[in-house]
Amino acid sequence: MTGIVVQGIERAEREVAAALGECGVATVHEAQGRTGLLASYLRPIYPGARIGGTAVTISAPPGDNTMVHVAIEQCRDGDVLVIAPTSPCEDGYFGDLLATSARARGVKGLVIDAGVRDVRDLTEMSFPVWSKAIFAQGTIKASLGSVNVDVVCAGALVRAGDVILADDDGVCVVRREKAAAVLEKAQAREANEADKRERLAAGELGLDMYDMRGKLAEMGLKWV
Amino acid sequence: MTGIVVQGIERAEREVAAALGECGVATVHEAQGRTGLLASYLRPIYPGARIGGTAVTISAPPGDNTMVHVAIEQCRDGDVLVIAPTSPCEDGYFGDLLATSARARGVKGLVIDAGVRDVRDLTEMSFPVWSKAIFAQGTIKASLGSVNVDVVCAGALVRAGDVILADDDGVCVVRREKAAAVLEKAQAREANEADKRERLAAGELGLDMYDMRGKLAEMGLKWV
Amino acid sequence: MTGIVVQGIERAEREVAAALGECGVATVHEAQGRTGLLASYLRPIYPGARIGGTAVTISAPPGDNTMVHVAIEQCRDGDVLVIAPTSPCEDGYFGDLLATSARARGVKGLVIDAGVRDVRDLTEMSFPVWSKAIFAQGTIKASLGSVNVDVVCAGALVRAGDVILADDDGVCVVRREKAAAVLEKAQAREANEADKRERLAAGELGLDMYDMRGKLAEMGLKWV
Amino acid sequence: MTGIVVQGIERAEREVAAALGECGVATVHEAQGRTGLLASYLRPIYPGARIGGTAVTISAPPGDNTMVHVAIEQCRDGDVLVIAPTSPCEDGYFGDLLATSARARGVKGLVIDAGVRDVRDLTEMSFPVWSKAIFAQGTIKASLGSVNVDVVCAGALVRAGDVILADDDGVCVVRREKAAAVLEKAQAREANEADKRERLAAGELGLDMYDMRGKLAEMGLKWV
Amino acid sequence: MTGIVVQGIERAEREVAAALGECGVATVHEAQGRTGLLASYLRPIYPGARIGGTAVTISAPPGDNTMVHVAIEQCRDGDVLVIAPTSPCEDGYFGDLLATSARARGVKGLVIDAGVRDVRDLTEMSFPVWSKAIFAQGTIKASLGSVNVDVVCAGALVRAGDVILADDDGVCVVRREKAAAVLEKAQAREANEADKRERLAAGELGLDMYDMRGKLAEMGLKWV
Amino acid sequence: MTGIVVQGIERAEREVAAALGECGVATVHEAQGRTGLLASYLRPIYPGARIGGTAVTISAPPGDNTMVHVAIEQCRDGDVLVIAPTSPCEDGYFGDLLATSARARGVKGLVIDAGVRDVRDLTEMSFPVWSKAIFAQGTIKASLGSVNVDVVCAGALVRAGDVILADDDGVCVVRREKAAAVLEKAQAREANEADKRERLAAGELGLDMYDMRGKLAEMGLKWV
């Protein structure tokens, strides 16, 4: 079904989403059982950005960004736009004008399984985007898609209101209803990592810290 | 026909070419009817560069950069080198020595549907390159190609003397004879965009600014 | 044969390895007869890094980083880790904890024909990595591989103790037993390049400097 | 959550699934509103196969086919196996022994977002497979995944019991609860197509048959 | 400029085009100086087809096949359709209905830098297609493109009326005005090849037949 | 070092090589500890071929097939040509004339990490080729490479005289000195597989045949 805009979606809590973003993609992905990653071909347009927000999803026809305009009206502070084309496309659906509009609604960034353009302006604005391509090829406004329906974006199912977090390591989705629980685990991992980092920096080996030697011997590893 | 160097080509006006570069790839591409883009796999070796110049074209055999040396003699202030191999290749045809030589002739940058090397030096020199690959694999000097013949570079036809503009969004070609007219349209778009940006920043929606609501209703969009 | 850790490998001299790194990948690759490059899809996680060190090699099952922990114990000052999975994989075998541990052993960087993660932390630590992918997908510790056996990494054969050098142009391997001889040639090239660079900057053409005109005429090049 | 085998799933009706397979992927995809396609990189191992069945889904770790054995026990007549690795992988999870076992349970074929092997034997057995790769690299049996959970396979969400149809054009999923309705529409399209085919074969133009001339004129098409 | 249909194009002679097809892509490509090949990613949907005809070109928006219908009206006996999307796309622009219509006009086949579908039907009809993808994803009819304008298809410039030949080795374009001359050279090569084939089959070595030994020695080849 | 032809190489026994070919790539790869596979992008030009022979290796410059002619003189009955370009290339190094010449020397087939052409003729001749690309783009004869030196082909190290086996599943290399031992293991696997196939065909489950249930329970698998 196409041509639907779902309004009034339920969102994960904004603070939880932001805190998950602080934990980072690698940590959160581990914390929720090594699931939820979008494909590695999504890359940030500039290094160093790190966000966590709630997904407003867009299912868009190839080369047509009508629904992005429709979606921005549905956005509110703390959201992240997630655009999935209905067939593979690398056209630049989004540029600095749309970013200006999205930012005016409080949108934190964009994740798009297609192209983006005006990346110099977006970088200057510090409006972060994770995309499959950077491509100046623009889009038209001729066909409908949908907003806030379930989409598969870069290989992962994203539902409106889910948490999307993204940083230099990629993009991860956390289900809305699990966000708080995952955050708790992620923060526990972080605390734990600080301790490990210190021990490793001091020269302790992972072999010892993780107590791997016995298991390795059992598996038959031979030092020659 | 191979082994030809066309001399005394007609070029687009230098000021027009430079001004097109200032407008940027996304804007110019729209201004000329959404045409002229080279493939998105051409990426800049460092962010932030933005050039507009006149094409000196090189058709080169795979892994052989003889004709780059020949082409540099044909260059003058405001030119951009455009290299298209005759079969797919990612070897590094061009490095800091050639860049030094090209710069001495006034060349503004390089667009190459193959590889480049010495990118650290090129970055330090601020000599911008848009390439398919970065690859230290050098080339030989054993076979002829041609200079200033029509080439297809990254999927677009480029003629000697055409305008080549490139920035973080990619690379675009504008036909020599249309350069002035396209510039006019591009500058008009730019003026227009500044106004739009302000309105969007103030919270006006694209749905209203572009007057999309009526058409969307007509197309059957449903808010649920 | 899997499940082997070769200890006490012979290494190229640390100073030679470091000096090769200073020469850079493009120069060294030429100096050793245009051989030894790893595939161009290996890219640095941040620009500007330049290393030369001695290889500690890891043959690892897909998605399993057990052997990285084993390998770190084998590392010493001036080494570079080289990880080759036994089937194509882009999982993130390595992150900031392993980098902390590796650095504590004096490791200069990582070359991996797979993925890496925590790249923001790695960048802050200035721990350089050349990888096929950046991917938050972690690995498990369930199966054995080998350390310091011959591996094919990104299309090139690497032996433990060989010199690995890497910079923005890519990655190159130099056989341990040839390292000193290659260094000599590379340094000679460098001296020679400085002179060429000056002449080209002054406007001399490569056509003249390399004495190409006669050969071009003989090959039938026509100026029209 | 990993390590789950969902038993006693609800399936689309076998006859409906088979009939959808007869309609073919292109027709069914149109009939359900141009949705449900898996990515085009899934290709059949031999031409001419055409199946429709009910999905038994497998979420598998990279390079580990433990769960395929687990899943076969859950299969019954008319099922299609759907394997999605948890990170990108092209190892050969499935060969002639597993096909023999699957066939003994009535399985009609395999769709896998990874590799397959023994394709000569599979071809001789007429056991159809749609895969991302053909690769002799085998898998291990060391880690758990899940069976009959929701998976994203080649970019599309597949639920256990959904209809999977596949032919030379690719692979499509139809939700279990919509299967009967989609079949009805697909068969209507088929009837309609036979008539169109005859008219076109007789020389009638699509321009006339679809009554496009007026709209084209309105859009501004010019014959010159 | 978009929205143009060029009528009454000049075509290469039908017999010449057909005869070039008989010579085959590899031979013709050599005969015209190793130029004119389209990219190797264009593959035939079934093996064994071999055609030569005159190009009717289509510049089409991504995911929109309006102009294919427009183009068919322009076709006549001996033509080959050449479709180039204006941005990269793998949607299935063409299926068995369009093939039926094209065949009724005498079209010999299709070359498309995008996707095709209904390949089982097309194979049964023996309607040959060379495409970038096979993908059931259909297209819409919402936007204009152009017919019989210059297009770049899979990296090669194609003009309406040029000769397109295609076989299992790929696709090649020959300029209309050079078709007769290229045919002559191609046929000469063929005659010459028959003789060579016999000598090689009888055990004569290429080293001797092409008189390579002297040159190899001069280049410094060493037998050890 | 380039420009070397190693003569009088030691080869694995012809009968052993042929017998390994009979076992097939998947079986042999398992038999030698899951090693030796070339990359999965090497694909046969037609289905059903299966060979095993001794490698004559060629290291060739990009786009230059001089050394293929040199290598054919070194071939004898039961050999397989293995071509590795020194930088990535998809040109068609080899066609029906070279195949005719190679066959006259008893060569069983070709494995090439680049392109091949004349595939229709090669198919008619039943001369099997596993290649990265099919591309009519021919090569020149201007530069030297080497014959019977170690090469890395599609990611695997191949030495002259090693066994190369290839079938629809891909290509595998077996070291010359291990060929007899690997054959023994491979044949043992084959015998064992026949028995398994029968049991599975009769409906026995892999879960039982491989005694997996206990281990799965221990790992925590849950049936729900």
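All chains are identified by letter, namely A, B, C, D, E and F, in their written order; residue positions are counted from 1 within each chain.
We adopt the following convention: contacts are C-beta pairs under 8 Å (C-beta built on N, C-alpha and C of every residue); 3 or more make two chains touch, one makes a residue touch a chain.
Everything numeric in this text was worked out from a predicted model, so none of it was measured.
Q: Which chains lie in contact with each of subunit D and subunit F?
A: C, E
Q: Would the interface of subunit B with subunit E count as same or different, where same needs over half of all numbers used to appear in both copies?
A: Same, since over half the interface numbering is common to both chains.
Q: Looking at A-D and C-D, which pair shares more C-beta contacts?
A: If we tally the C-beta pairs in contact for A-D and C-D, the bigger total goes to C-D.
Q: What is the distance, in whole Å, between the centres of subunit A and subunit E, each centre taken as the mean of its C-alpha atoms?
A: 42
Q: Please report how many Å separate the Cα centroid of subunit B from that of subunit C, as a whole number.
A: Inter-chain centre distance comes to 31 Å.
Q: Could you work out how far the Cα centre of subunit B sits from that of subunit D, in whole Å?
A: Distance between chain centres: 41 Å.
Q: Hey, what residues on subunit A touch two or more of the other chains?
A: 34, 37, 40, 86-88, 90, 135, 137, 143
Q: What topology does the chain contact graph adopt: line, ring, star, complete, or other?
A: Graph shape here is other: it fits none of the named patterns.
Q: If I apply the definition of touch given earlier, which pairs of chains qualify?
A: Per the contact definition above, the touching pairs are A-B, A-C, A-D, A-E, B-C, B-E, B-F, C-D, C-F, D-E, D-F, E-F.
Q: What residues of subunit B sit close enough to touch subunit A in their complex?
A: 24-26, 29-30, 34, 37, 40, 43, 47-48, 50, 167-170, 172, 193, 196-197, 200-207, 210, 212, 216, 219-224
Q: Show me the residue ranges of subunit B that touch subunit E in the complex, using the header's touch definition.
A: That would be residues 1-2, 33-35, 37, 39-40, 86-88, 150, 152, 155-157 of subunit B.
Q: In the complex of these two chains, what residues of subunit C are touching subunit A?
A: My answer: residues 3-7, 46, 66, 68-70, 72-73, 90, 92, 95-98, 100-101, 103-105, 115, 117-120, 123, 133-138, 141, 143-144.
Q: What residues on subunit B touch subunit F, complex-wise?
A: Its residues touching subunit F are 61-63, 86-91, 135, 137, 140, 142-143.
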